[in-house]
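Questions regarding the structure given below will be posed in turn.
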Amino acid sequence: MLGVGLIGYGYWGPNLARNFSLQPDCRLVSICELKPDRSELAARTYPAVKTTSDYHDLLKDEDIHAVLIATPVSTHFELARDAILAGKDVLVEKPLTRTLAEAIDLNRLAEEQGRILAVDHTFLYTGAVQKIKEIIEARELGQILYIDSVRINLGLFQPDVNVIYDLAPHDLSIVCHLIPQDPVSVRAMGVCHTNIGVENMAYLHLDYADGLIAHFHFSWLSPVKIRRTIIGGTNKMIVYDDLEATEKVKIYDKGIVVRDGDVNAIYKARVDYRTGDMVAPKLAHREALNTEANHFLSCLKTRTRPIADGWAGLRVMRILEAGHLSIKKNGTQIRLEEL
Amino acid sequence: MLGVGLIGYGYWGPNLARNFSLQPDCRLVSICELKPDRSELAARTYPAVKTTSDYHDLLKDEDIHAVLIATPVSTHFELARDAILAGKDVLVEKPLTRTLAEAIDLNRLAEEQGRILAVDHTFLYTGAVQKIKEIIEARELGQILYIDSVRINLGLFQPDVNVIYDLAPHDLSIVCHLIPQDPVSVRAMGVCHTNIGVENMAYLHLDYADGLIAHFHFSWLSPVKIRRTIIGGTNKMIVYDDLEATEKVKIYDKGIVVRDGDVNAIYKARVDYRTGDMVAPKLAHREALNTEANHFLSCLKTRTRPIADGWAGLRVMRILEAGHLSIKKNGTQIRLEEL
Amino acid sequence: MLGVGLIGYGYWGPNLARNFSLQPDCRLVSICELKPDRSELAARTYPAVKTTSDYHDLLKDEDIHAVLIATPVSTHFELARDAILAGKDVLVEKPLTRTLAEAIDLNRLAEEQGRILAVDHTFLYTGAVQKIKEIIEARELGQILYIDSVRINLGLFQPDVNVIYDLAPHDLSIVCHLIPQDPVSVRAMGVCHTNIGVENMAYLHLDYADGLIAHFHFSWLSPVKIRRTIIGGTNKMIVYDDLEATEKVKIYDKGIVVRDGDVNAIYKARVDYRTGDMVAPKLAHREALNTEANHFLSCLKTRTRPIADGWAGLRVMRILEAGHLSIKKNGTQIRLEEL
Amino acid sequence: MLGVGLIGYGYWGPNLARNFSLQPDCRLVSICELKPDRSELAARTYPAVKTTSDYHDLLKDEDIHAVLIATPVSTHFELARDAILAGKDVLVEKPLTRTLAEAIDLNRLAEEQGRILAVDHTFLYTGAVQKIKEIIEARELGQILYIDSVRINLGLFQPDVNVIYDLAPHDLSIVCHLIPQDPVSVRAMGVCHTNIGVENMAYLHLDYADGLIAHFHFSWLSPVKIRRTIIGGTNKMIVYDDLEATEKVKIYDKGIVVRDGDVNAIYKARVDYRTGDMVAPKLAHREALNTEANHFLSCLKTRTRPIADGWAGLRVMRILEAGHLSIKKNGTQIRLEEL
C-alpha cells in the first residue's frame, strides 16, 4: 500500500485526489491547502483523509511515499525540492517550474537523491495520444514533415501567466513525446489586448534540424473553440481533433508523389497528390488521469522512470522559455543551445 | 452595347467568358488563345465569337472596349500595358503582375491614359465578403483586434509559383478590402517539401500601426481542406467558413470585459469573457463572377473606379513581395515602407 | 430548512443526491438503497447522511418532507403511493409508473392527500428547452406544422424495457411541455434484433387534431449518436441538436410562401421558399438537475404545482402506452381516447 | 460510332447532352425540345447537333441508335413506347413511368422487341453507392438489419408530384440495387401543408420477408438539408452522408454481442455493444452521369442489360405506387403482391 499526499486543492487538485483515491494499493493520506473553504471541502469529500495548511506536515508523514503538487507554478520548485529532500517521490503539475534553471536544478536534485520526479503531462495518457504515438513508432507516417496545432477558445484570462504558459504545455508535452529530438530554434509572436499586461494570443514556431517544423496558434480570445493538430508525413497524415466525441484521431492515407522526369517542362506540375482511405481507429477511453495515476504508482514500485519524467518537463520548459524570450524580442529566432 | 475581348482560355478564362456572355448590353467579341485545342474548344462553345492566336487582333478591334486577361502571371504586365496603350479598359486576373514594380508602372500608365484598370479579386463580390464588409462598416465589431486565416488542402503543386503567390491573393484581397490601411510590416516562413524548389506551406504575419495583427496559414500539403477566417473585434467576432454550404458567415456576440478595480489583487482575473447570441445572416448567393462582370461593365459606362481597381491589386502585390522577401531572409520582419 | 430522503442510489440517484445537497435551505437526510456496495458508497460520499435498506425508515422520519424516488420503474407506484400516504411530497424518476392506470391512481391519490407529485423530466429544465418554450410562447414560429425527432446511438440494451420506454420519455416530456394539447392518435413500429424480446429500434408517430404531426426515431443500434429535433412552423423553424457544445438551438427564419394566382398554371410552382437569417440564441447553462431541484423545493414551500407535475408524467405515460399497444398490433393507429 | 437523340432539354436534359457528348465513339445527333427558348439554347450550345420540336424526327433518323428521354413523367410511357417500336434503345429519366401498369407494359414491349430499356438511376453510378454495393457483396456487414434514410431540405415544391415521387426514386433506386429481394409490404404517411394538394413531407416504411426494415423521411419543408442513410448490419454498419465533401461513406466496425447465459438474471443486460475502427474508404469521383453514359453505350454495343434496366425502374415504381396508395389509406399496410 503506497501513501500519497496532495499539496493544493484548488482547480486541479480535486482531480488528482479523486483519481489517486480510486487506485488499488494506494491511499490518499493527507491534503495540504491554504484556503479554509477549499480545505473544508477536501475534508468533507474525503473524511478519512487528514487536512493541513502546512505542507511540512506531509513531508514529515512517514505514511506518505509520494507528494502530488497542484499549486501555482511559482511555488513548484520550492515544494518539489523540499519533498525530494524529505525523501519523497514527486508528481508536479505542469509546467514543471517557473524557469528553465529551476527545472534543471530540480532534475539534478532528484537524480542525486534517487527520487522519482514526474510531471503531470496528462495528455500523454489519453487514448488519442497513445494511438498517435503507436502509429508514429510503427513508422506509418513516413518522414514527419510538419505539425500544425490550434488551441483556441474564449478562455478565462489568467492574471499571472500568458497564453503560452497556460496552453502551450499541453501541445508541447505531446510534441516532445512524439518527436524524440528537440527543436533547434524557437520563434514566437504574442499580443496583449488588455491592460493586464500578459499576452492573450500567440503564435509559436519551432524549427528542427531535419527540416521538421511545428507551428502553434494559442488564444484566449477566439469566438469558437478549436483543439486540432495536424501531423503531416510523407506517407500518411493525422488529424487529431480533441473536440470530436469519438473519432478524435483520423489517419489519412494521403500525400504527394514527386515524379521524376523532365524538370524543364513548363506549366506541368511534377508533383501529384494521392489520396486513399481514412481510418479513425478505436481509442482507449479510460480517463487519462486514472491511467497516469496508475502508471506513476507502478513506477514508484518498480523504481523506473515514468513516461513523463522530470526531463520531459524540462524539455517543455526549455521551449516555453525560448518562446517567452522570442516574444520579448519581437519574434526573433532563439536557438535552444543559447539558453 | 459594350464589346469585350478575352486573352487566355485556360483554367479561368472559360469562367470569364461564360459570365461576360450572360451580361445584358455586353458582347464577347473575340477570344485569343495560343493552344490549338483550347482555341477550338472556345470556338465550339461560342460559335459567334471570333478566335485568334494573336492578341494584337483584339487590340486593333474597334468593337472591343475592354480586354480581359486570364493568362499566366508572367505575361500580365506586357498584355495589360499594350491593351491600355491601345485605348482599352482592362481586367487582369490576380495577382495583378509578377512584381510590385510592374504593378506600380501599370497603375501609373492607366492613370495617364485615362483607362480603367481592374483586378479580378473575385472573393470581394461574394455574398459572404459583402456581408462582412457591411458589418465592419456599421462598426458592429468594435475595434478589430486580429484576423486569423487558414487556407489549406491537398492542392495541386504549382511549378512556377509558391503557395503564397497561389493562395494568398485570395485572403489578402479580402483583408485589404476590409481594412483600409496597409500593414507596416510583414513576416513569412515557408517550407518546400519537394525538389521543385517552391514553398508548398507557409505562414504569413502582418503587423498594423494600430496593433491589429493578421496571420495566415497556407498549405498545399494538408490532408483536410480548411478555408476559415476569424475576425476578432472588441464587441463582436466573425467566423467566415467558406466551406459551409449556407452559413458561411457567423457573427458572435462574444468578447471580453476588462474590469476596473484592484490591479494588485492576486489570483483574481480582471478580465471576464461575455457571450451572447450567434447570428448567421442571410447572404446573397448570386455567382460572384457574375456580380463582378456586372460591376466592371457598369464602371466602364460611368467611368468610375471599380471596387477592385489597379491600386487594390497593387496593395496585394506589395504584401506578397514583402512576404516573399521575408521567406528568403528566414522570416525577418520586412517593413513595407522599405519596398 | 427542508429535509429530503432519497430512495435508490443506482445510476441516477447519485445525481439527485449531489444536486439536492447543493441547494440552500435543504438537507439530504437519508438515503435508502438495497445493494450493500452502493449503500456503502452513499455513506462514504455523504458521511452526514443516514443510510438504510428499508424505505419505511424514510417515511417515518419527521425530518424528511419530500421523498425522491430513483428506483426501477416497476417499483415507482408502490413507493410513491406509500410516501404520499405517509404525508410526504414526492419526486419520481421518469417514466412516472409502469402503466397508465398506475399513473392515474397516483395522481388522484396525490390530489386527495394534498401532496405535491412531481416527475423528473430533467430536459424541461435545460437552457435549450427553456429557450424553445419561450420562442414558441412568443409565437415566433407561427403555426407549428411538424416535429421530427431522432434519438439514436449504440446504447446499452435494457433487459426489461424496450427502446421506447427507455428513450421516448425524454422526447415526449419535451413535446408535451411545448404543445399544450395531446395527440389524438399514436402509431408505432418496433423491431427486436436480439433474443431478449424487447424492441431495440422503433418509430413513433403522433397525429394531433389541428394537423400537427410528430415523428420520432429511437434506436439502441445506430453506429452514430444523433439527438436532433426539428420543429417546423409557418414562420420560423427550430433545429435543436443536443450534441452541439454551445449552439444547441438554431432558429431559422425560413419557410414557404404560398402565392395566390392562377391555380391552373401548369408546370409552375405556386409555392416559393424563403430564407433569412439564422440565430443561435445564448442559452442558460446551469445544470438542468440543479435548476429542477431548486424549482421542486420552491414549489414545496409555496405549495404550487411544479412544471413537471404528476399530470405531465401521466400525459407521457398515455402516449407510451398507446405506442406500446400499436407496436403489438403491428403499427395500427391507436386513438388516445380509447385508452 | 453510336448516335443518340435527346428528347427534352429542360432541367436534366442538358446534363445528359453534355455527358453523352463527352463519350468517345458516340455522337449526339439531334435534340427535340418544345419550348423555343430552350431549343435555341440547345442549338447555340451544340451547333453541330440538329434541333427539332417533333420527336418523330428522331425516331425516323437512321443515325440515331438510342433515344434519351428527359421529359415530364407523364410523357415517358408514350415516348419510350414509340422509340422502342421505332427500333431504338431507350434511356428514360426516373421515375420510369407514371404508373406501375405502364412500367410493366414498357418492360414487356422492350423484351418483345429486343430493345434495351434503361432508367436513369444516376445514384447507382456514384463512387459512394458503388463502394457500398461492393462492401455488401463482400458480406462485410453480416446480415442487414435495417436501413434508415433521411432526405430533407427546403426544396422547391412541385405542382404535379408529391414529395415521395420527387425524392423517393433516389433512395429506392439505391435500396433496390443493394437489396436483391423486394419488400413484402409498404406503409407511408404524408402531409400537405399548402393548398396545392400534394404531400410535401412523408415517411415511408418497408418490411421485408427476412425481417429487414427500411424507413425513409422525405421533406421539402426542412430548415436544414440532410441526405443521410444508415445501413445497420450484424457485423458492421455504414453511414452514407451525401453532403460530406469527401468522406461520404463511413464503415463502422460496431455492433452488438448477444451473450449466452442466464436469461433470467434480473437487471443485467445480456447484450453488449462492441465498437472498433471506422474506415472512410476512398471513392471514385468521376461524375456519375459520365459513368452511366459510358455504361449505357457499352451495353448497347454488347447487347447486355444495364445495371439500371427497365426492371430496376419497375421495382421502384411498385414501391412508389404502394406508398402512394398507403398515404391515401392513412398509412394502411399495403402488401406488394396485392398490386
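By written order: A, B, C and D. Residues from 1 in each chain.
Heads up, the rule we're going with is that a contact is a pair of C-beta atoms (placed from the backbone, for glycine too) under 8 Å apart; a residue touches a chain by one contact, two chains touch by 3 or more.
The structure displayed is predicted, hence computed values, not measured ones.
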| item | value |
| --- | --- |
| Of C-D and A-C, pair with higher C-beta contact tally | C-D |
| Reference chain B; chain at largest CA-centroid distance | C |
| For chain A paired with chain D, centre-to-centre distance based on mean C-alpha positions, whole Å | 52 |
| Cα-centroid distance, chain C relative to chain D, in whole angstrom | 40 |
| Per-residue overlap in chain D, given as positions that touch at least 2 other chains | 275 |
| Interface residues, chain C side, partner chain A - complex | 44, 47, 225, 243, 245-246 |
| Complex interface listing, chain B residues touching chain A | 72, 145-146, 148, 150, 154-160, 187, 189, 191, 193-196, 201, 203, 205, 211, 213, 215, 217, 219, 221-224, 230, 232, 234, 237-239, 250, 252, 254, 256, 258, 263, 265-271, 273, 275, 330-331, 333 |
| Residues of chain C touching chain B in the complex | 247, 253, 275-282 |
